[in-house]
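Each of the next two complexes has subunit A plus one other chain: subunit B in the first, subunit C in the second.
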Partner chain A sequence: MNKILIVEDEEALCLLYQEELTDEGYEVTTVRDAEGALDLLRRGHFDLIVTDIRMPGRDGVELITQIVGLRKDIPIVINTAYQSYKDDFMTWAADAYVVKSSSLTELKVRIKDLMTR
Partner chain B sequence: MTSPSELRKDPISGRWVIIATERSKRPDEFRADRQPIIRKSSAVLFCPFCRGNEVKTPPEIYAVRGAGAPPDEAGWRVRVVPNKFPALTRGDTPVRNCRGLFESLDGIGVHEVIIESPDHDKELPDLPPDHVRDILSACQSRFRSIEAEPQYGYIQLFKNKGQEAGASLSHPHSQIVATPIIPKRVKEEIYASERHHRRTGDCLFCRTLSEETEAAERVVRANEYFTAVAPFASRFPFETRIFPRRHSPYFSAAGPEEIAGLGEILQSVLTKLKSILDDPPFNIILHQGPHPTRARKVWPEIDRISHWYIEIIPVLTRIAGFEWGTGFYINPVAPEDAARFLRG
Partner chain C sequence: MIEPHAFLAPDFQSREPKELTLLSIVSQSFFQPFSVEDNLLVILTALTSGSGVGFNRAMLFLTEGDRLRGEMWLGPRSAEEARTIWEILSTPGIGYIEIIEHNRSLLSLEADSLSRRIRPLEFSLAGDNLTVPVTALAKNEILLVRDASREPLIDPRFLQAIDVEEFLCVPLLSQNEVLGEIVLDNAFSRQPIQPKDIKLAGLCGLLAANYISTATLHRKMVEMERLAALGEMSMFIAHQIRNPLAAIGGFTDQLLAAPADESKRRRNLEIIRREIQRLENIIFELTHFLKVDPKTPAPFDPGPAIRAVLMAVELKAASEGRELVSRIEDRLPPILGDPTYFGEALRNLIVNAFEASPPGGRVEVMAERKDAAWVVVSVRDEGRGIPPEVRSKLFTPFVSTKDRGMGLGLLYAKRVMDACGGTIELESEAGRGSTFRLFFRAGEEGRTDP
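After this line comes the complex of A and B, so read on.
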């Protein structure tokens, strides 16, 4: 089973993503900040990471540059409420950029694409 | 100048500028403690534009690389890639929507990034002349390619260097954006040059260049193909325009010698700005006529009235309420002084 790490500071969204992506057949772990995510990545294996950008402490853009510094091959999806981070070329460390919406269709499609790449 | 300040009208944009010489500053007064670019944390370990990280960019659409070096791998000097997360995406002729006063258009366009060097810290002044020529040739090649797609209205080349100039990454790069419409500022330049041409039969830009050359006091540098001037009505301190001496509406029409000449003068102006202003943030913008297919339909005289040029704007002052509200700019450095510092 493919393992996904979700980095998201809002608890309700963590629960939603966990439920929806588990239904899609993934093993999902959620974490609420960048430090926690880096800690989990150092200790365990994940096949894909989904991260928010605006979070307390280190933001998601900084997190993904650090993840790529550790493991360049791990697919990363940015999942943010803001379009404006597309102007930041550091987001190119990610493989997909999804703007949050009430439907998780695009997020699921991007995850599936990257998992089958 | 006898008065401490002066209102000046830019003949090309028709924009008025206040040259406030009583507030004139020396270049070293613009030196300020600037934050290191770009993200504050020293823990950022990755740059998508650096050699070895080609896998994190979309596949290249143009590259200057050693013979036999495969695409999208190391071994390149200049790479052009599409923007990974573009605001405008490629498409056919956009659909225009009107609801009462509210008009909108499909967001089609082109957004490409020119990665100027595999080295993270090598800026244009630090590169060998043939490398700068390769960068300009890459830009020109992309312009020629986009000019073959008639659904676009304007092609813009720009470079943001430094956080204050809008750069999000310090690795040297430029960007090309093609928009489905002809931007208002571009039209304003065309209207001004059209009016001038109707009245005099001259190209406004050729005439400006000729008068600047004659006056000489604002000429920064010149070579066989280009002249760099501090414009008469500069909006910003050390603003510089580089005009091709040969009349031509489009950058894509520049010959190989002109590209080499442009590289030489651009590098020389940027080197001087870097030294006298302590490596300032700046924007470089290429101005030219609208997309040729559309321009020749709307302005049959476009080849006579439009003239491409490059604008360099060091970001040393802030645009604030007065400038936003009135469109007036207050420039604390007379362009004659700026030219003298840049020549020296």
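After this line comes the complex of A and C, so read on.
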């Protein structure tokens, strides 16, 4: 079973992603900040990371830079409420960019594409 | 010896050369708090005043895209009115301010004004067969037209409107940008246009072009700043709204997609309700904190106002496990402000302090007289402190150190303090908390800087 790490500071969204992606057949772990994500990545194996950008403490852009340093091969999906980070070249290392909306369809499609690549 | 000298030539009757007087009056008016229209009127006044250049009438056309449109036409409407105006304006002691006032009233007679007659006039700046008045712009030359009715290269609608045989077209250009044109005539005196008049009209044209170009750039700059602020605001609001919407949408879809047990159904509905409440709070903060309209500052007793706020937040302090301590000096003088806005600003600072403090942390509210002129109300927390790079942006909208903050509470407090003639200060040290100090003017006594 493919393992996904969700980095998201919103409690309700963590719960939603956990349930929805588990239903899609993934093994999902959620974490609320970048520090926690890096800790999990050092200790365990994940097949894909979904990360928010604006989070307390270290933000998602910084996290992506660190992940690339740790594990170059791991696909990263940015899942953010901000459209504008798309123009930030620091986010170009990610494999997909999804703007949060009231539907999870796009996020699910992007994850599936990357998992079957 | 040090001698003061005025910048401004006081009137058109100056003994200085006319070029210098015109230059001085027109340039100085650009530094007055006049509107763009008023400043253009000053230029037309300089061209038509008997003691200025002395034309009878001046038309102003401005460009809009690839069109030249009639904007303003200054001058008397008839020979009789011209005589009356000349009599008034030749009265000794009349300065250019009075002449401009008079001309402004002339322009405001909208029903039968000359301006009303030229506003429908519009000419294309593009094409091969250009006619006067556009020709002057195309050639970038001042054109003197005589025997106009016999000249085929004049637009017939323009000729019908101006209805004179001799007139002068002065193009307004700046760095090859076509801005407009001034057309001058002596419809009532019938005086031929002299070379010295053409020279002075050219000088006024250069000044007008320079002014229009600067005013246009300034307007564009203000608009760009406004749009940038609007863009930043809309981006921030979009972010604030998308998170709750994603939760509402996702949990609603779960309910729609499959039958859920009662506990999951209830949990989803509670999350949806909470996120809707969050959206409502965003709307409240946007509409409430961005609107500060306090009454004229009036003296009020700060003690009871502070105690009322403390009572209102005591319960919150207890429920969130924060210690609230207050020390309000006895016999504080009245302070100047609006008690309602004061209370709201102080409440914001205290709630911020609760949120910044760790569990069990202490928040201190103090009020004391600083000196005869100032009273200080301060709120201190035991939080992480505010980093230097955030401090400089703290009172701008949508900057927040909180995970879910809109960044409007401190802006609100600052606007309240500005409105009552007070100030707000921050002292913060990493790991040792922050103190916000509100400086209020005491009563109606004299003031010193805090």
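The rule we apply is simple: the second predicted complex is superposed on the first by the 117 of 117 C-alpha atoms of A that agree within 3 Å, B and C clash if a C-alpha of one lies under 4 Å from a C-alpha of the other, contacts with A are read in each partner's own complex, and residues count from 1 in each chain.
To be clear about the criterion, a residue touches a chain if its C-beta (ideal position, glycine included) is under 8 Å from a C-beta of that chain, and two chains touch if they have at least 3 such contacts.
Bear in mind the structure is a predicted one, so any value in this text is a computation, not a measurement.
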### Message
With both complexes superposed on chain A, which partner does A:S101 reach: first (subunit B), second (subunit C), both or neither?
### Response
second
### Message
Is A:M115 touching anything from subunit B or subunit C once the two structures are fitted on A? First, second, both or neither.
### Response
neither
### Task
Applying the touch criterion given at the start, work out whether A:D9 contacts subunit B, subunit C, both or neither, answering first, second, both or neither.
second
### Query
In the superposed arrangement, does A:M90 touch subunit B (first), subunit C (second), both or neither?
first
### Message
Quick check on the superposed pair: does A:E20 touch subunit B, subunit C, both, or neither? Answer first, second, both or neither.
### Response
second
### Task
Answer with first, second, both or neither: which of subunit B and subunit C does A:V68 touch in the superposed model?
first
### Task
Considering only the touch criterion stated at the top, classify A:L40 as touching first (subunit B), second (subunit C), both, or neither.
neither
## Note on the structure
Both subunit B and subunit C touch subunit A at residues 83
### Sites on subunit A touched by subunit C in the complex
9-10, 12-13, 15-16, 19-20, 54, 56, 81-84, 99-104
### Query
Along subunit B, where are the residues that touch subunit A in the complex?
38-39, 41, 43-49, 53, 55-57, 84-87, 113, 168-169, 171, 173
### Query
Taking the complex as given, what residues does subunit C use to touch subunit A?
235, 238-243, 245-254, 271, 274-275, 403
### Query
Which of the residues in subunit A come into contact with subunit B in the complex?
58, 61-62, 64-66, 68-70, 72, 83, 86-93, 97
